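We call the chains A, B, C, D and E, going by the order they appear; numbering starts again at 1 in every chain.
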Amino acid sequence: METTMIYYLIPTLIMFCCGVYGFLTRKNMIAMLISLELMLNAVDINFVVFNRYLFPGQMEGMFFTLFAIAIAAAETALAIAIIINVFRAAKNIDVTDLKKMKF
Amino acid sequence: MDYSQFLVMKQEIGLLAVFLIVFLYDTFMPKRSLGALGTVSSVLFALFVAYGFCPSVFDSPVETAFSGMYATSAVIANIKTILNIGALIVMIQAMRWADQDLVRIRRGEFYELLLTTLFGMYLMISARHFLLFIIGLETASLPLAAMVAFDKHRYESREAAVKYVLTAVFSSAIFLMGLSFVYGLTGSLYFGKIATALMMGDGINALLVVALAFVISGIGFKLSLVPFHLWTADVYQGAPTPVTSYLSVISKGAAAFAFLVVLWQVFGCVYTFAWEWMLYALIILTITIGNLFAIRQRNMKRFLAFSSISQAGYIMLGVIAFNGMGMAALMYYILVYIFSNLAAFGVIGAIENNSGKVNMEDYNGLYKTNPRLAFTMMLAMFSLAGIPPFAGFFSKFFIFTSAINQGSVAIYVLVLIALINTIVSLYYYLLVVKAMFISDEESTVATFRSACSERFALWICVGGILLLGVVSCIYNHLLEISF
Amino acid sequence: MFSNILIYFVVIPLIMLGGLALCRNIKQIRAVAVVGALALTALSVWLLLDYMQLRAAGNTAPMLYTDSWSWFGPLNINLAVGVDGISVAMLILSSIILLTGSFASWKINPLPKEFFLWLVLLSTGVFGFFISIDLFTMFMFYEVALIPMYLLIGVWGSGNKNYSAMKLTLMLMGGSAFLMLGLIGIYYHSAPEGQPLTWNLLEIVNNASIDKGWQYFLFPMTFVGFGVLGAMFPFHTWSPDGHASAPTAVSMLHAGVLMKLGGYGCFRVAIYLMPEAAQDLAWIFLILTGISVVYGAFSACVQTDLKYINAYSSVSHCGLVLFAILMLNTTAMTGAIMQMLSHGLMTALFFALIGMIYGRTHTRDIRLMGGLMKIMPFLAVCYVIAGMASLGLPGLSGFVAEMTIFVGSFEHADMFHRVFTIVACCSIVITAVYILRVVGKLLFGPVQDEHHLSLTDAEWWERTSTVTLIISVAAIGCFPNFFADLIKFTFSPSIFAVIGMN
Amino acid sequence: MESVGSIIMYWIIALSIVVFSVLTVTTRKILRSATYLLFTLFATAALYFKLDYEFLGAVQIAVYAGGIVVLFVFSILLTSHPGHNSERLVSRRRVLGLVASVATLVIAGYALVSRCGMLCTKLPQMSNPDMKTIGTTLMGSGDGQYLLPFEAVSVLLLACIIGGVVVARKR
Amino acid sequence: MAIPLCMFLILGLLGMKMSHKLAGILGTAGMGVTLVLAYFTAFTYFFSGSPDFVSSEGQRLQYIVFNVDWLQFYDNLVIRLGFLLDPISALLLVVITTISFMVHLYSNGYMRDHHGVYEHGFQRFYAFLSLFSFSMLGLVVATNIFQMYIFWELVGASSYLLIGFYYVKPSAVSASKKAFIVTRFADLGFLIGILILSFYTGTFNFTDFTSAPVADGVYGVSLDTAQGIKNLIAGSEAPIFMGASVLTWALVLIFMGGMGKSAMLPLHIWLPDAMEGPTPVSALIHAATMVVAGVYLVARLFPLYLMEHSAMVIITVVGAVTAFYAAMVACTQIDIKRVLAFSTISQIAFMMVSLGVADPNFHEGLGYMASMFHLFTHAMFKALLFLGAGALIHAIGSNDYTEMHGLRKYMPITHVTFLIGCLAIAGIIPFSGFFSKDEILSACFGNSWIAYLWMSMVAALTAFYMFRLYFLIFWWKEHPVRQGHHTPHDQPWTMTLPLVILAAIATVAGLIPFGNFVSWNGEPYDLFGHFDWSIAAVSLLVAVVAILVAAKMYMKENPLPAKMKNAMPTLWDWCHHRFYWDELYMFITHKIIFNGICRPIAWFDRHIIDGTMDGFAYVTNKASYAIRGLQSGSIQMYVWIYLIGALALGAITAVCIL
């Protein structure tokens, strides 16, 4: 058996979809963030896989992933800060409570 | 290593310099001198804006740096200057708000974050490489989440921040997914190389279309195109008014231009195959749904949020035009939109700061108590609705003209739909005018004198609304430098 | 730029705006308004005389006093001005109505300053529209003229003013949405391939490069766009409500001048630029306008509000204008323009009188009034004269215009045109019915309301206003050939040669 | 033809990625969810190693697993009360989530599959990028070098720090 | 002619400031001057023998005094205002100015109460009278049909103003309205007729119209100025519309205008109501001048009508039916002015019939001449009757003859003049009516015996109802002097003088050799040479019998009339209610036009058209409300929509493109 590219892409895609699913279904905001991490991670893998399989002569995908990891870290940090801010006021981080503004 | 390449990035460096000075001033100056922080940063920034009119920047030649990762030209320099002007007005308008007791402690950060997000927008505009573009995009949006959360004592601010940050991160995930497909298809992240690869490649395919849809959705999120707009209203309503105005004009303007650059430079060769039709759908949806929602709004900020959504649809007409006129019209539209919308937000902010009222009912009879504010608001509304002789008319007319220049029958239909939508938009803009001028009820907002800074900012806006259209050289200049 | 006389039609209102902004009390405001309006009237009369002189001297250019200053150069947008007989006539009409309107709103309350500001802004748009020959500036002025209506009706109106003002504004703006598309479309087909595009009417006519397919698309756009303002069926419903709610001077200006913008535009843009489509598609619009002529008249018969009656009568009369324009021949078109003049003046007179009566009795319901002839003879006599003008009494303007239209329309020998002409003719009977109904109920008969007995007759400013209008109406009615010649030149040789008709 | 070891290695990685991802989003305990995320990230790092990107794998472990997950755990501990950490999912929401994710899977999957020629690429030969190359690429200003993003991302991080501080601090 | 206009303007504008007396004198004096001028003009025209007026063969020509362009439609289609002199216009000039002057004079007395106090609006009254005279003169001297139309309208309007003179009285207001609208409706036909005619001929000028058929030579007369109009009108390529030639349509439509003005059935209903106006007005407008405009119109275009036999038949039939109808109705009315009004209708119908039966081959167009002659005599005696009636009304204060009776002793002058009027209209030799009516009957006889019998019957009826009226007013029983009511007496000289003058004219006018002046083609016509004594004798006999019957019934108070009434209740009822024409019209206007058309249209406009426009707004609002669920406030829904949106965007585009 040859592990062609598709073998890597399918699990990645599943991972991405799991992230989507989690993001859409979890009530806990941190859980939603965790799901987001899954999605970002899946994207990273995609880049790496494409780079490795299709364009082995360069490192754009790899470096993109590198920076994406940094960006993901920054995003997470900021999001957690905001969530904690909410938690302080409401003692609760249930996302379903945050729907006062609508229509 | 050739670090002299950084010198090409005059504006970015200037902006960072301002940022650093403000940062250092905020951090190290004694507490009692911090009262002048707003003034200091505004003055500094004003100087920086003025720098944008230096010939070397204003007529900046086409230059690239870092092997084409970064580009600048007269157009880019000018759009940055346009954004600067808007940011300056926002800064001036924000002074009063930033001096409030509950915000004062964080006002330094407000200015710092504002400047860094502006830096992010610069990167978005100048980037010719998707990595840089992503970094710019994130720099432009993540700190904004913190700014949205600035009014910690207000529940709405918190809710808005959560909504903003979560959707922003989600959208960037989608965007990145799209990018990864693009990378897989073309093997590069340089705009130029992608374009070449697409041209060389076997044309259009499903993967490219899906990738394109993801990319458009990512930037469409910033532009709040329907259906990627749902965060907009809640965030605008919840955020502090200066942040809302910043979000609605500067952030949107930058995103619009970046969108144009990405679509034209990267995906230009698949215009008719792919994104033309996507944009048709998006524009119609954006304008229509934005308008439909705006009709019912009672909260002024939320109302302007939906209005700005539909305005984004009009801005997109410049993108779909896919010609130099479109670019000029888009820039001009952004410029006019900055002045009009900031005038509206300036009035809202002034009233909110004074009486805490943001609902349309509170504007009833405003003309009797605060005629000047009401008048300014009316000008803003007329300009947004595209009524001559105010600037909004010209910008709308030009953007329609540029779109029709594209020439297909479909574009006529699109423009007709957009035009019919202007009637709906006129309706709700007139609702505000009606509340202020016609409504017989006693005003709940007492007569007051707004702060110097607010008045100054409003005067600038009014001047812009009145003059930008009639003084033709501005548009002519923009058209000249557009390609 | 300031050597051209036409530019002063815009400059004077702008100066008035500035002056009004500085005014401190009602007297100054009146002074500024009246002096400005007088200046405009004088200017337009002078223009008329000069124009006649130039024509008499054998100047046969389609437009006189043409001038063009580059504005948005890269888009070929210029500030181009020029007039022909029609525009001159319209300018005179506008200035007279502005003048009389100023008099009629002598005692406007509240916020007189704002009222006059908006009024003058409106007239700026009107004057600008009539002097422009550049489609862009034309359209700009057109919209400038529309939007002050909203506030004028909304703030100073009466009755269901919010609704009416909104409806009026939205419907008119709806029309201008179509119009804008049409104009931009014309622009992109204004010159043959390879030559620079232009917004200039005259150049577009000379280029004649809009091909037929595009004309079929653009003609309805522009015609409907302007037609909405011309109260074309079925887009007329803003008119009754709008007029009923508007304050006196606004009704006057709106019915007297603004609705003329529609007819003028229909001719100047839709037909002038796209004659072939006009010829082929005229039948559609003939049906619509023919309907509006009769339909408006019938509707007017059963209204009880004075302003509604007049509004529907305006629908009918303005329908006749468009109807005649669509007949596409010299006589009918001349008649159309004369009808515009005539309708403008007499409708303004009507609305002025209604405003004055309403100001006294505080009702516009004809069932609640009666015998006003005894109470306020001056106003009543003026009303009768206006009514007579409206129902086409010879010697007053209505007759001349209608007859010219009918004779012109009858030139078409086919069944379709004939039938519609006769249908339109029927409107003169119906007009008589509703006018006499009003006159009978309102002015004659016994006094209905005892309180009315204590009311006074017209004040001097009201007399000035009405007498000016009556004199103008009678002038057209008695010396029609003067006006017909003024107008006819536009239609006679050049246009029809260019657009290949007759 | 790859070695059997490498294939087995692949299957272990792939299965753990899939399984742990699913577990991450389906488990009802939030702390467990974080733990499964950690495993997923480890598996990802392993995948990087397998694809010869050792540096990237190391960064993945250090930053993601070491930094972010710890951040998650802290914040979970900060925000959740004992015994209150399980949540019941509403079925409607679950359906919506499933629809969205399956739709994503189908559409993105179809898009990928439509390029099957590309997908069946075999693993080409590549020399591991050494640290020097990575260093120059990161700090160079030439084609395919990343000095500018590197500088830019520093601004981003600074801004995020400022933002985070502003939001998170008590006053 | 300009004088009345000036008077109108002066009186209208300055009247308020002027004393009543001055206004009256000014108006009368102005009219007097006009009268003199008109007489001079007519005299010159008829007797000077200048070649402008009379051709070498003694034929009277049409002479255009002046003609200015008023409004130009096309190069050759021009409305001109001018002054056309020919026999009939000269005749009408005389008639109008005479009557008008009499009425002006008379009104000086009439428009005051018994104490000499002027009525409210006295100046206005004179202003309107002057306006009317001006318009009427303009009408008769019109050089082209459009000028005629213009003044036609003006006449209508001034008639409207005069009928509605007592504007406080609702009945007067509605009568004036009715008059205007009915005639307006007729004018619509007139206008369309003009349009048709002018379109096919390319001209408005009467001279062009009238010379064309003559040029044809059919009737043995030819003019040099043969024009191509003929071909356009009735040439072989003459267009046909709905089975009739265009010319027929045009002429019938124009005749419709005449029907309206001359109150022919079925457009007659306004005339009886028009009696709401002051009596001098009725005399001037609704008896002598305006109502004959229709006859005048037909006479003007007579050569054209000659060419269309069917149009002539229509005229005859309409005239005959109207004459009979009006005579029947007149027998049963109790309001003296209404009786006179119906008698007017009947007499005008006589003229119409006369025109309709005129045939150049019989007595060289006797009917035409007879019609004009009758027009002239009728104007005189009918004005006399009206003015007399006015004097009675002024004296009694009521229109109703049941309040009069037996006045012969109190008002001798009025009595005698009224009697002369009655004799004239009844056609008793030697009063003027005898001659003119006899001519008409002769003409009818020449056409067909049915017409002759029919018209003779009408003539008998005429005599009957006139004398019924006369006896009821002046005889029947003694005048009941009621309490607080002063004795009726003759009126001041301003009122009696016109009566006397008119009576004199009515007596002798029949002896004028009328044919010398007026004939259809301008050639002198020997009236007495064609006088048919047998017919005259028959008609005289008929009239005398009718008078005797009337005398029998009404001379003394007796139950005969009541018996008659009871004998034929239905007929009487129908006659009394004017055959329910008014009710029919009320039904049509109110039920059908107002309730059946106007209201539905107004409703349609408000609810359907406007409703559609409002509906757009409503739908927009509803849509806005309906989609608000999108903005549910939940982040996850937002994101879900976002994702689905992005996917759909990609998927749909992919599906569409690939």
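Keep this in mind: contacts are C-beta pairs under 8 Å (C-beta built on N, C-alpha and C of every residue); 3 or more make two chains touch, one makes a residue touch a chain.
Keep in mind that this is a model prediction, so the values were computed, not measured.
Asks: Which chains sit in contact with both members of the pair subunit B and subunit C?
Replies: E
Asks: Farthest chain from subunit D, comparing Cα centres?
Replies: E
Asks: Using only alpha carbons, which chain's centroid is the nearest to the whole structure's centroid?
Replies: C
Asks: Please identify which chain has its centre, taken as the mean of its CA atoms, farthest from the centre of subunit A.
Replies: So the farthest one, by centre of C-alpha atoms, is E.
Asks: Select, from B-E and A-D, the pair of chains that is joined by more C-beta pairs in contact.
Replies: Counting C-beta pairs in contact, A-D comes out ahead.
Asks: Please tell me the distance, in whole Å, between the geometric centres of subunit D and subunit E computed from their C-alpha atoms.
Replies: Distance between chain centres: 102 Å.
Asks: Taking each chain's centre as the mean of its CA atoms, how far is subunit A from subunit B in angstrom?
Replies: The separation of the two C-alpha centroids amounts to 27 Å.
Asks: Quick check: how many Å separate the C-alpha centres of subunit C and subunit D?
Replies: Measuring from centre to centre gives 71 Å for this pair.
Asks: Rounded to the nearest whole Å, what is the centre-to-centre distance of subunit A and subunit E, using the mean of the C-alpha atoms as each centre?
Replies: Those two chain centres are 96 Å apart.
Asks: For subunit B, write out the residues touching at least two other chains, lowest number first.
Replies: 131, 135, 138, 142-143, 145-146, 149, 152, 161-163, 166, 170, 177, 181, 184, 205-206, 209-210, 233-234, 296, 427, in rising order.
Asks: In subunit A, which residues are in touch with two or more of the other chains?
Replies: 16, 19-20, 23-25, 32-33, 54, 58, 60, 63, 67, 71, 74-75, 78, 81-83, 85, 95, 98-103
Asks: Where in subunit C do residues touch at least two different other chains?
Replies: Answer for subunit C, listing residues that touch two or more other chains: 170.
Asks: Can you identify all of the chain pairs that touch?
Replies: Chain-chain contacts present: A-B, A-D, A-E, B-C, B-D, B-E, C-E, D-E.
Asks: Where on subunit D does subunit E make contact in their complex?
Replies: It comes out as residues 93, 96-97, 100, 103-104, 107, 111.
Asks: Subunit A touches which residues of subunit E in the complex?
Replies: 628, 631-636, 639-640, 643
Asks: Residues of subunit A touching subunit D in their complex?
Replies: Going through subunit A, the ones touching subunit D are 1-22, 24-28, 30-31, 33-35, 37-38, 41, 44-45, 48-49, 52-54, 56-60, 62-63, 65-67, 69-78, 80-85, 87-88, 93.
Asks: If we count contacts the way the header does, which residues on subunit D are in touch with subunit A in the complex?
Replies: Subunit D reaches subunit A through residues 1-2, 6-7, 10, 14, 17-18, 21-22, 24-25, 30, 33-34, 37, 40-41, 44, 47-48, 51-53, 56, 59-60, 63-64, 67-68, 71-72, 75-76, 78-80, 87, 89, 93-94, 96-98, 100-102, 104-105, 108-109, 112, 118-126, 129, 133-134, 137-138, 144, 146, 149, 153, 156-157, 160-161, 163-165, 167-168, 170.
Asks: Which of the residues in subunit A end up touching subunit B in this complex?
Replies: 16, 19, 23, 29, 32-33, 36, 39-40, 42-43, 46-47, 50-51, 54-55, 58, 60-61, 63-64, 67-68, 71, 74-75, 78-79, 81-83, 85-86, 89-90, 95, 98-103
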